[in-house]
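Take a look at the structures below.
After this come two complexes, each holding chain A, first together with chain B and then together with chain C.
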Partner chain A sequence: MEQFAPVKRSKDGQAVRYLIVDDSVFARKNLARMIESFGGQVAAEAGDGLTAISEFDRTHPDIVLMDITMPQMEGIEAAERIVQQHPEARIVMVSSVGYQENIVAALQRGARHFVQKPVKPEVLYEVIKYVLGEDGAVANAAGAGA
Partner chain B sequence: MTNSPDERGAELRDLFYETSQELLQALNDEALKLEKRPGDEEIVRSVRRTVHTLKGDSAACGLRELSELAHQFEDALSMEGAAAHAAVADIAFAAADLFSEMIAAYRKGHKLPSTKKLSKRIEELTSTPAAKKSRKKKSASLNKHAADWTEYEKLAMLQAQANGQDVLHVAVKIDPHCAMPIAGRQLIQNAVASMGPVLAVRPDAKSAAASKHVEFVLASVQTPQQIIAKCKIPTIAEEVTVDLLYQATSAGAQAVPDLTSDSKEPEAGKEPGISSAAPQSESQFAASTLENILRVEASRIDSVLNLVGELIIGKSMLQQALNDFAKRYPKDLLRGKFADAMAFQARVLNDLQRSVMKIRMVPVDQLFRRFPRMVRDVARQCGREVDLALSGQETDLDKGILDAIAEPLTHLVRNAVSHGIESPEERRKLGKSPHGTVRLNAYHQGNQVVVEVSDDGRGIDVQKIRSKAIELGLMTAEDAAQLTETETLNLIFRPGFSTAEQVTEVSGRGVGMDVVQSVLQRLKASVSLETRPGQGTTFRLKLPLTLAIIKALLFWVEQRLYAIPLNAVLEIARTVETEVHQVDNYEVLQLRNQVLPVLRLGRPAGEPGRSSKLFVLVITVGERKYGLIVDALEGEEELVIKALDDHTFSTDLVSGASILGDGRVVLILNLSAVVEHVAHLRPQEMGRAGSGLLLTHTDRTRLALTPPVGGQA
Partner chain C sequence: MKMELIQPFINAADAVLSQGLQGTTKVGNLTMEEDAYRRKGVAGMIALTGDIEGRIILDLEPQTAVKVASHYAGTDLPESDELIKETIFELANQVVGNAVSALNDQGFHFRVHPPLLLTAQEGDKTSEDTEALMILFETSLGSVFMNVALRYNKKRMADHAAVGA
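Showing the complex of A and B:
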């Protein structure tokens, strides 16, 4: 796998913490691998929208990667509810090409960004850097977050 | 990650092959539901969701053909009107089958099955051909200030200017490679809006140009550089230009408008407070819950279980040594210490055994969930209308047992649908609902798990079985008349009975029942059935919780040591030879107020016994009680069952062997086979009073029953 310069939280130099929401175990593992290659840490995983909300409340992750189509509660609604409770939440929608309208809806309801499935690590990396903005810092190889 | 891309790909693919099975199962389930409620949009949506996930996952693994087919199906499902199409369920079934074939082909590296047929059916699903592949790659030129602002927008601009904000024109060219330009556009709009109030947007989101570029009029106090930085979104915005339209009138930007601060404040203010409130310990906790599911090969668990079994043998060796020690030095203080240590070790061992067993347990649902699809298919084939009701799916069962009963259970369910349930017309005539019901149920009962297959069909005609048995020469009319109803029903498990083809039409339950029986016997499980004419039949499988370790009662017969599962023993009693009576060639024993058929493993009655006092084990097999006469009792012990190789040991009277702590070998009797054996002998051979089963049986069996190692001389 491609190596990425680790992205850390700029305020404390700790790993960026993620909540991965997808009903496919496979997709979650895939994202988790990518995140780890960015120097991030998976704070929690959820397989549906309801769990996503409770996991968000429990772990307060820096970034949420949210699938759109899920059982129980779809990603858009989950994103909307999380943002209502936590306006600072950074939610990145993850979905396929066919779901453009849903993504637009999610973005209108407070999602910060989106990536397209199948997720390319280099794209996700850029998106995450962008979404973190000033709160994220790319550690150079020498003095990473120590 | 140090893995090479190839390795990683292979790993991912393996994961996909596993997870995809669940998706396919879900697809089957949804198709079944859809068949019941055609056109239900909610179900169609969930079909689409499943197909969608399958598409995404397979694409990530580079399984192009599968992903494309899934994509096509998903697209078709999202078409308007497709959901109402009657063929959706059928296509979903076909898709589930084809997907599964394709995955199997990928897995084995075989040639992929053709997708053309299904693809065509999917196309038919959508009356209007999906011709939306007109994605032009031509980049649009940005036409600055081209838009005409409406009166309202102009007014808003002036107002913003008066409020101390610059009015800026932001033009963004959307990356032509962006696959979701409209979503990208929304994202850009969000970014722009975070800099200040957006006063106007061009072009309209619905216009054709919307996917190429977007322009905003923004009121903001931010510098153009800041705005560009914010809007230059990787992979989405290719080019951002910002022009100042009107400079803020009141040069002092001290009065920062509320609107701007609104979107900025939460980020700067609240967030650090909240996310730093998550302490370090919590993130560690999160990490530990992260990987909470482990996929392990079953053979690894088996080897652990095997080792636990060896430990249990070791424990009884220690116990034996301790007993000897205690006899030799009854007053030694060390004895107590040993005993304490032993007790502790035994407890831990117990827990260890239970934990390992738990690992092997899986919910019965894993098996049950296959049936809805099967019942549907079988019911269709033979023109029945059948509902399948499942209950007790959460009951845990040893994975090995679950796998082993899959086949017999399938058989029972298939029979229930094709033979048990009557045709809809017949049912209507009988005043039943035309829909038959087949019920699968599982529950714990003591140290066993019971799995039931029942139907509300025609039941089994006991008389017909009887006459068939006579016709087949299995028994005389006289003998047949003496059989109880249960005994008669059990005839259908006889190999000779079940292979007779014509029985199928008569009893409806002939074929392959001996297969069911033999599998269950191998598992030390039993099957019984209950039937009521016109009301249905229930097959009840009683399964042990595990195959590896049993609690057993050890006893001596003819100076040989045997064991039987303790849960089959109801009581242990003493009696005298004179209490054993001969009734109709049957030996029976009167014990208090009950009369029990007698099973003898050893010397036949009548020969001079060393003592007229007897030990009787009252055992249950199936629904019946028997008195098993033994010479002496050894005790109760946990036995680790070692399978006996068919080549060295060929009798079904013994289900396994075990090694005791002192190295002796004990044979574990298969009670249902022993009882059946006696029942077989009964009509013809009982007259010879040859109830000494193990000794009067053929020489081959007798030889086989001599313990192979360490037997008593």
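Showing the complex of A and C:
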């Protein structure tokens, strides 16, 4: 996989920590590989919305990558509940179902951005930088691909 | 079955496979299937309900499924690996999700159901208003078959028309 210039946390220069939420093991592995290529670290994974809430409380990640269609509790509801408890939470919805209603609903309920599957690493990378804003910094890396 | 329903699925599968397998995907034969569905290998089925109803099957011969899943995993997987099934499910999800997004923007509303693994060698015979279309995608790792059987939900469509009138 293509390597990107590492995105670090501005406050301490440490790796950005991610919570990956998807009911598909395949999707979680795929996202984890992308995160590693961005210089990030997987803080936790969850396969449904309810587990996502408890894993957020436990790990306090910098960014949540959240699928929408999942068992137990769907991603938009989980995002809303997390943001109610943690208004600072940065949640990026990642779903193959990318129609207007879904996107608007997710953004209205607290998500910061939306990425449609299949995820292009270069798109996710830009979204991560945008969502982190001043809290993220692109580190210099020799031979980085983007 | 109307081509306007099928085309978004063909476009979505073409895009998902081309991007995921990082190679050119060629849309091969399109054939009508009036007999019961015969599974070719690892097959994931996703049902749709709503304004349009039916199901989509993504089916890969076993060796192709292993190659495709290994490509995504970035390592060689054994034929028994659970990740092979997961890969086919996720690809089916992406194809259906992308197609449904396009159809939703045209005003159709759906519920997409979770993928199911087809284990029987032979499926249900399609009815007269859900005859299936089989589309072959030729990829660098082998053939991918997509079987689409969809129909308009006439009651839902009539309800929408009544509301819009």
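Basically, the second predicted complex is superposed on the first by the 137 of 146 C-alpha atoms of A that agree within 3 Å, B and C clash if a C-alpha of one lies under 4 Å from a C-alpha of the other, contacts with A are read in each partner's own complex, and residues count from 1 in each chain.
Here is the rule we go by: a residue touches a chain if its C-beta (ideal position, glycine included) is under 8 Å from a C-beta of that chain, and two chains touch if they have at least 3 such contacts.
Small disclaimer: the values here were computed from a predicted structure and weren't measured.
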Output check: A:Gln116 vs chain B and chain C. Expected answer is one of first, second, both, neither. What do you get?
both
Tell me the contact category for A:Lys29 with respect to chain B and chain C: first, second, both or neither.
both
Could you look at A:Arg17 and tell me whether it touches chain B, chain C, both or neither (first, second, both, neither)?
first
In the superposed arrangement, which partner chain does A:Thr69 touch: chain B (first), chain C (second), both, or neither?
both
Which partner chains sit in contact with A:Val127 here, chain B, chain C, both or neither? Use first/second/both/neither.
first
Given the touch rule stated above, what does A:Gln100 touch, chain B (first), chain C (second), both, or neither?
both
Does chain B (first) or chain C (second) touch A:Glu77, or do both, or does neither?
neither
Counting touched residues of chain A, say whether chain B or chain C comes out ahead.
B
Where chain B and chain C land on the same part of chain A: residues 1, 23-27, 29-30, 33, 69, 71, 96-98, 100-101, 116-118
Spell out the part of chain C that touches chain A in their complex, as residue ranges.
15-16, 19-20, 69, 72-74, 82-83, 86-87, 89-90, 93-98, 100-101, 104-105, 112, 114
Interface residues, chain B side, partner chain A - complex:
1, 3, 5, 8, 12, 15-16, 19-20, 23, 46, 48-49, 52-53, 55-57, 59-60, 71, 74-75, 78, 179-180, 182-183, 186-187, 189-190, 233-235, 266-267, 270-272, 274-278, 282-283, 286-287, 289-290
Sites on chain A touched by chain C in the complex:
1, 23-27, 29-30, 33, 69, 71, 95-101, 116-118, 120
Which of the residues in chain A end up touching chain B in this complex?
1, 11-12, 14, 17, 23-27, 29-30, 32-33, 36-37, 41-45, 59-60, 62, 69-71, 86-88, 96-98, 100-101, 103-104, 107-108, 112-114, 116-119, 123, 126-127, 129-130, 135
